[in-house]
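Since the structure comes first, as structure tokens, the remarks are kept for the end.
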């Protein structure tokens, strides 16, 4: 598990006075990108190998609101790595540990022709990095 | 079920060349807003009655990509209305009916003090509108 | 001059209670895209010819706020077309004609190598469409 | 002048392959917020005093593209503080100092009734903080 810090921007709020729910999905991406940087499998590397990794599913449960100016922590866990898919989970908390949201996402790998691709087969070293990052 | 049309904007794409996944969550909101307009329970009315209706959960499954310039249709169904919660489902398709994504969301009502509120009790007429829209 | 209609989305508001200023820049793009569709020079065509048209400058003056649920009209004028640049202006009003904002943008054409390109030279027919749309 | 660091997010790119121009306007806001934090006049304080500070004008010149994963630096200067307006300028560079964009914005103060307000009169201490930050 790695933790990512995000300071809430004004443009992320809506007229309810707190963060618009769609932005958590973007925070998940920020935190996931940061996670892959930290475990030595940066997404820029994935791209440079001719692969993209689109989102297959995303899900979020909102527990408490997040407010402009506060720092939120996003804990990322790589839950499972399969041949052609991987699964990530997220916990958003305040700096004091108050739970704000939980979520999950799943992803595949596509090659330059847009075909679903086994990372294990085409990029075993990158696959190994993901395996090593499992459950961390 | 009501259907909402959305033309894909350039700013909704990302460097993969198609729509960024977070925008579907925003499309769900656009389509949900439109649905409540059509069934006579516009969100501006809800707000004018001193209520807000935040998102409790959201979930999306991405089936096929959506592209800049194309029109997507978002079918909205109000699945269930409870005392303090309601549940909505979404289907995103191309104009030809090709399935692009499915999703769900759930919502509650909060009063001006931020307390969870029974719509049935405080706004029975608005509640009735939702009941009438059920499964449509 | 062509006019484009936009219904204000909830996710476009911020905690001030009205539309976040950055969204006007996105509305300009929506309206500009619509304008080029209407004058027979759709941006998807530009792209299919191997060109992109990035923004060089953008500017906006905010006069009055725009609110969730209302319809705004965005009037687009193609002000000038040069060899390698074009200039667009925008007026945002309510449906009653109340001025909300004005703005401008300028753009160039880049080819697939990212080089600035004379549209007149490489795509004279498309250039002609722009010339014909001038001041409209 | 204060400098703010921003790591470019994937969701900030568009299908051209680099950052969508509208996001610079959001970065200006991030950097401006950070600036006011640093000079002891945080926007959360402004709000707690019953004031908001909407954007009157914004302008950006794009020099070179910004890419996913890179860090950009945004230099903020408070250029002028008047009775009811203030003016800010921005420079966006790579970490190596390559210029990516420049911009400006201007702002006023509104009280809770939405009336333009002299900061000097209603909040002289906060006004003093801004004056002290001038040209820094």
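Note that the chains are named A, B, C and D in the order they appear, and that numbering of residues resets to 1 at the start of each chain.
Basically, contacts are C-beta pairs under 8 Å (C-beta built on N, C-alpha and C of every residue); 3 or more make two chains touch, one makes a residue touch a chain.
Because the structure is predicted, anything quoted here is derived from the model rather than measured.
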item: Pair in B-C, A-C or A-B that repeats A-D, with over half of contact pairs matching by residue number; value: B-C
item: Same-residue or different-residue interface between chain B and chain C, half as cut-off; value: same
item: Greatest separation from chain D - chain, by CA centre; value: B
item: Inter-chain centre distance, chain C versus chain D - centres from mean C-alpha coordinates, in Å; value: 24
item: Distance between chain centroids, defined by C-alpha means - chain B, chain C (Å); value: 28
item: Chain B-chain D separation of Cα centroids, rounded to whole Å; value: 33
item: Chain A: positions in contact with at least two other chains; value: 10-11, 16, 22, 26, 29, 68
item: Touching residues (chain side chain A, partner chain D) in the complex; value: 9-11, 26, 29-30, 33, 42-44, 68-69
item: Residue numbers on chain A that touch chain B, as the complex places them; value: 16, 21-23, 25-26, 29, 52, 54-62, 65
item: Touching residues (chain side chain C, partner chain A) in the complex; value: 10-11, 13-18, 20, 22, 68
